[in-house]
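Letters A, B, C and D name the chains as they come in the text, with residue numbers starting at 1 for each one.
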Amino acid sequence: NRPLLLIAGPCALESYELCARVAEKMAEICERLGLSYVFKASFDKANRTSLSSYRGPGLEEGLGALAKIRSQIGVPVVSDIHDFTQAKAAGEVLDIIQIPAFLCRQTDLLKAAAETGKPVSIKKGQFVSPWDMKNAVDKVRGGGGRNVMLVERGASFGYNNLVVDMRSLPVMRSFGCPVIFDATHSVQLPGGAGGSSGGQREFIEPLTKGAVAAGIDGLFMEVHPQPDKALCDGPNSLALDAVEQLLEKVVRIRNAVA
Amino acid sequence: NRPLLLIAGPCALESYELCARVAEKMAEICERLGLSYVFKASFDKANRTSLSSYRGPGLEEGLGALAKIRSQIGVPVVSDIHDFTQAKAAGEVLDIIQIPAFLCRQTDLLKAAAETGKPVSIKKGQFVSPWDMKNAVDKVRGGGGRNVMLVERGASFGYNNLVVDMRSLPVMRSFGCPVIFDATHSVQLPGGAGGSSGGQREFIEPLTKGAVAAGIDGLFMEVHPQPDKALCDGPNSLALDAVEQLLEKVVRIRNAVA
Amino acid sequence: NRPLLLIAGPCALESYELCARVAEKMAEICERLGLSYVFKASFDKANRTSLSSYRGPGLEEGLGALAKIRSQIGVPVVSDIHDFTQAKAAGEVLDIIQIPAFLCRQTDLLKAAAETGKPVSIKKGQFVSPWDMKNAVDKVRGGGGRNVMLVERGASFGYNNLVVDMRSLPVMRSFGCPVIFDATHSVQLPGGAGGSSGGQREFIEPLTKGAVAAGIDGLFMEVHPQPDKALCDGPNSLALDAVEQLLEKVVRIRNAVA
Amino acid sequence: NRPLLLIAGPCALESYELCARVAEKMAEICERLGLSYVFKASFDKANRTSLSSYRGPGLEEGLGALAKIRSQIGVPVVSDIHDFTQAKAAGEVLDIIQIPAFLCRQTDLLKAAAETGKPVSIKKGQFVSPWDMKNAVDKVRGGGGRNVMLVERGASFGYNNLVVDMRSLPVMRSFGCPVIFDATHSVQLPGGAGGSSGGQREFIEPLTKGAVAAGIDGLFMEVHPQPDKALCDGPNSLALDAVEQLLEKVVRIRNAVA
C-alpha cells in the first residue's frame, strides 16, 4: 500500500513559467493528499498528427527547463524520448524516462533507456495486447533496467477511437511492474479532429475513478491552466483548477480498496 | 443515492432447489449489506453456442419455479424473454422483464415487453454503441414502458473477445435510465471454447470494482454454488461463497463515491 | 464452377410495382450475364434503428406479393423471418429462408427455418467470428436442413462501423456451404445517422470486386430504382441503373479466377 | 494502367546469397509476367517482439549487400529505416525508402526520408485510419518529398489480430499516391505466438486476389525459399516456389479489372 504516484503536467513544455506554475500547484495538492508527485512535460512532440502542430522547445532547452523545475520546485521530473540518441542526455536530468506508446516495440530505444540506469515508464501501444507488453518489459530488463513501469492509455477500437480495457491493469501488474493509468490520453480521439486529435474530457473522471478502484499504482494526467489554449492535447487535458476535486475522490476510492 | 441494485442468480434455471439456495443466501447477504436484491435465472437459453447446449426448463415450468422463488423466498425476480409470444405470461410473474443483448434491436420484443407494464431491462448489444441504446429505450417508452434499465455487458473487440468500455456507463445514464453492470457476461469469451463460450473469472473483481467507482445503479452477476458444474456460463460465473467478500468491497467503493 | 448466385432487390417490400420492376430488370441482366438470380425483399424490418422507421407490409401481405413476383416474373424469391412463428408460412412461398444477422444464434429460429425443408441462408452476426458460424450451420443441419448458405455482411469494428474481413470467405466455405457476400449491408454505418443507419455507397464496388476475386459463391445487393427515396437502407443501396455495369466487372473477375 | 509494382524479398537480409537467389528468381518471374519488380529486405528489424529475435546485419553491411543486389542482379531495391540518422546513408543506396508502420507518425523520420529525394513508401500504422494517412503524406510532401506511396498492412482488430479493411485502398488512392497491398504482413497475428508473431499463410492468396480486384497499384510480399526456416516472419512468408502461380492469378485479375 504505497502512496499512489501522480504523474502530471502540461502535454508540451510550453514555457518555464507555465510549467513552474503547474508543478508548484500540483506539488501542493499532492502533499496535502498524500500522493507521490512527479512533474511531466514533453520537450518534443515527435509524432503530432500534422507537420504544422506545435512540437516544443527541443531536447537541449527542454531538458534545461526540466532541470530547473526539478531544482526550483523540488519535484522529480519525467519526459519522453523519441530515439536512442536522446537517452543519455535525458538520463542525466530526468528521474523517469518515458517511452511513447507508438515506440514501445523499438528495441534500441528501450535498451538506450535502460542503459541510463533510470526507471523506465513504457506506454502500452494502442496496437499491443496487455500480455505482449511483457516483451517490452523484458527488453528493458535485458538491457539492464531494474525499474520498469507500464502505462495503460487505451487500445485501438475501430478508427479514431480508443477503448480502455481495464483487464490490462491486473494483467500488466502481474509482470511485477507498477501500472499507471493515463487518464487523459485514454480519452483522445486519435486523428478525430482532422489535422489533430480530438478528446472527450468528460470521460476523464469516470475512467480515473474506475481505474483506481480496479487497481493501479499511479495516475498520469495532462493538466493545463487553460486547456482550450494548450498548444498540444487541449481537448483531452484537465483544467488545473479541476484537479484537486478529482484527486480527492481518487484518494477516497483508493482508501476504500486498500 | 438509492441503494445499489443487485441482480444475481444462476445463469439457467437448473432446478428449484438450486435457485432457492442461491436466492436465500443472496437475499441474506444483500440484507446485511444494504443492497436491493433481485433474483435472476433464465427459463430458456435460446441462443446457446451449439444445439447440444443445455437450454433450461422452458417457459411454463420456468415461470412456475420463478413464481415459487418469489413467494417462498420473498425476493423480486427477473428473467429474459426471447420472442414477443412470451411477454404476456412472463409479465404476470416477473418483477422485471429482461431483453437479451442480441435481441436489443427487435422492435416487437421491446414493444411486447413494454406492454406488460413491468420494468424492462435491456442488455446492450455487443454490436451497439452506447449512444445508440437510446433508440432501444425509445422503443420501450414509445410502447408505453415507463421504467427502463440498461445493462452494459461488453462490446465486440475483434473475434471471441469482449471489452468493457466504461464510457458507456455515463453515456447511458444520461438517458435517464438506471445503468447496470453485468460483471460476469462481460468476462465471457464468446464462442472462445469451440462449441461453447469461455470466460475469464479472474477479471470479475477488477471490472466490478471499476464499474462501481465509475458510477452505476446496479450490478448483475451469475452466481452458482459450483461454477464448474453449472449447466451454462460456468467459466464466467462467480462462486456463491465468493460473493459476499466481493460485495463488501463494492459497498466500500460505493460509499467512497457517494 | 457453378454460375454466381445473385440475390438482389429493394431492402423492404415497398410495393408490388416497385418490386416487379426491380425483379424484371435484374432477371434480364442476370440472364444476359449468366448469373443465377433470386429476388429479395423483406416483408418486415423487425429491427430498424428506431420505432418510427418504415417496417414493411407484414407477413401475410408480404408473402402474397413475393408469391406474385415468383409466378409473374418467374424468379425464385428469398426473404427473412424474425421469429419461429413465421417459418411455416414463409416456407410455403419462399425458395430460400433468410436468417437476419442479429438472430443468427437464435436456436428456435434456425430450427424452424430448417424444418421448412427450404434452403436456409444465415447472415453472419456482426459479433460472431467466421469459425463460430459453424455452430449456426450445425443448428440448421441438426434440425434437418440439408442446404445452408452463409452470408458475410461485415463485423463490428469499434462503434458505428463495420469491417469486411475477407478471411471469413474461405473460412466459411470450408464448412461445405456456399458463401454469399452482402455488398450493400457491409457498407452500412450502423446507427451512424442518429435515428437510422448511414452508409457508404462508394465502397460497394471495390468490396464487391474484392470479394468476387477472393472467392465467393454469390452476391447479395440491395437495389432500388431511386436509393435516395428508399424507405429502408437507402444510403447503402445500389441504384438499379448502376447494377449492370458493376455486374459486368464481376463477371470478368469471376472468369479470371475460375 | 501502369504495370503492377511488385515489392518482394525475404523479411530480413539474412545473407547475400539468399537475397540474390530470391531477387534473381523474382526478377525473372516479373519479367515474364509484365510486373515491375523491386527487391526488398530489411537490414535491421528494429521492433521484433522480443530481445532474442534475429535483427539482421545492420545499416552498413546491409546497405552494402543491397547495393550489390542492385548492381549484380540489376533490380531496384527498397528497405526500411528506423530513425532519422539512417536516412542519408539509406538514400544513397536505395531506390525507395520505406517507413515502418509503427513509425508512420514520427515527423523527423518522415522528413529525413523526404530529404533523401528518393520515393518514400509509408506503411499504414495498425492504429491509424486510412484518411489519417493523409497527414503522413503531407509530412513527406511538406519535407520536399515528391513521390509518396502508401502501404496497407492491416488494422488492429482486438488483440493479436489484424483485419484488412479494403475500403482503405480507394481512400488512400484518393490522396494521389500509389497504394500497395502488403499481402504477407497483413496475415500476421501480432505477438500471437508468445515471444514472436504468428501468421496465417493460408490467407495470403485470397487477400491478395481481393486487393488486386478492389484496386491497387502494387503488391508487397515477404518471400523466402524455406519460410519455415526464415529468421523473421516465417509464419506469414510465402514460399519462393509458390509465388509464380499466385502472380499468374494476380495478372489475370488485374487484366479483368483494367
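Rule of thumb we're sticking to: a residue touches a chain if its C-beta (ideal position, glycine included) is under 8 Å from a C-beta of that chain, and two chains touch if they have at least 3 such contacts.
All values derive from a computational prediction rather than experimental measurement.
Taking each chain's centre as the mean of its C-alpha atoms, the one that lies farthest from the centre of chain B is D. For the pairs B-D and A-D, the larger set of C-beta contacts lies at A-D.
As a whole-number value, the distance joining the C-alpha centres of chain A and chain B reads 37 Å.
Separating the CA-averaged centres of chain B and chain D is a span of 48 Å. Per-chain CA centroids place chain A at a distance of 33 Å from chain D. Contact with two or more other chains is made by residues 155, 157, 159, 163 of chain D.
Against chain B, in their complex, chain C makes its touches with residues 46-51, 55, 82-85, 102-103, 105-108, 125-132, 135, 138-139, 142-143, 155-156, 159-160, 190-191, 195. For chain C in complex with chain A, the touching residues are 157-159, 161. Considering their complex, residues 155, 157, 163-167, 169-170, 187, 200, 202-203, 206-207, 209-215, 249, 252-253, 255-257 of chain A touch chain B.
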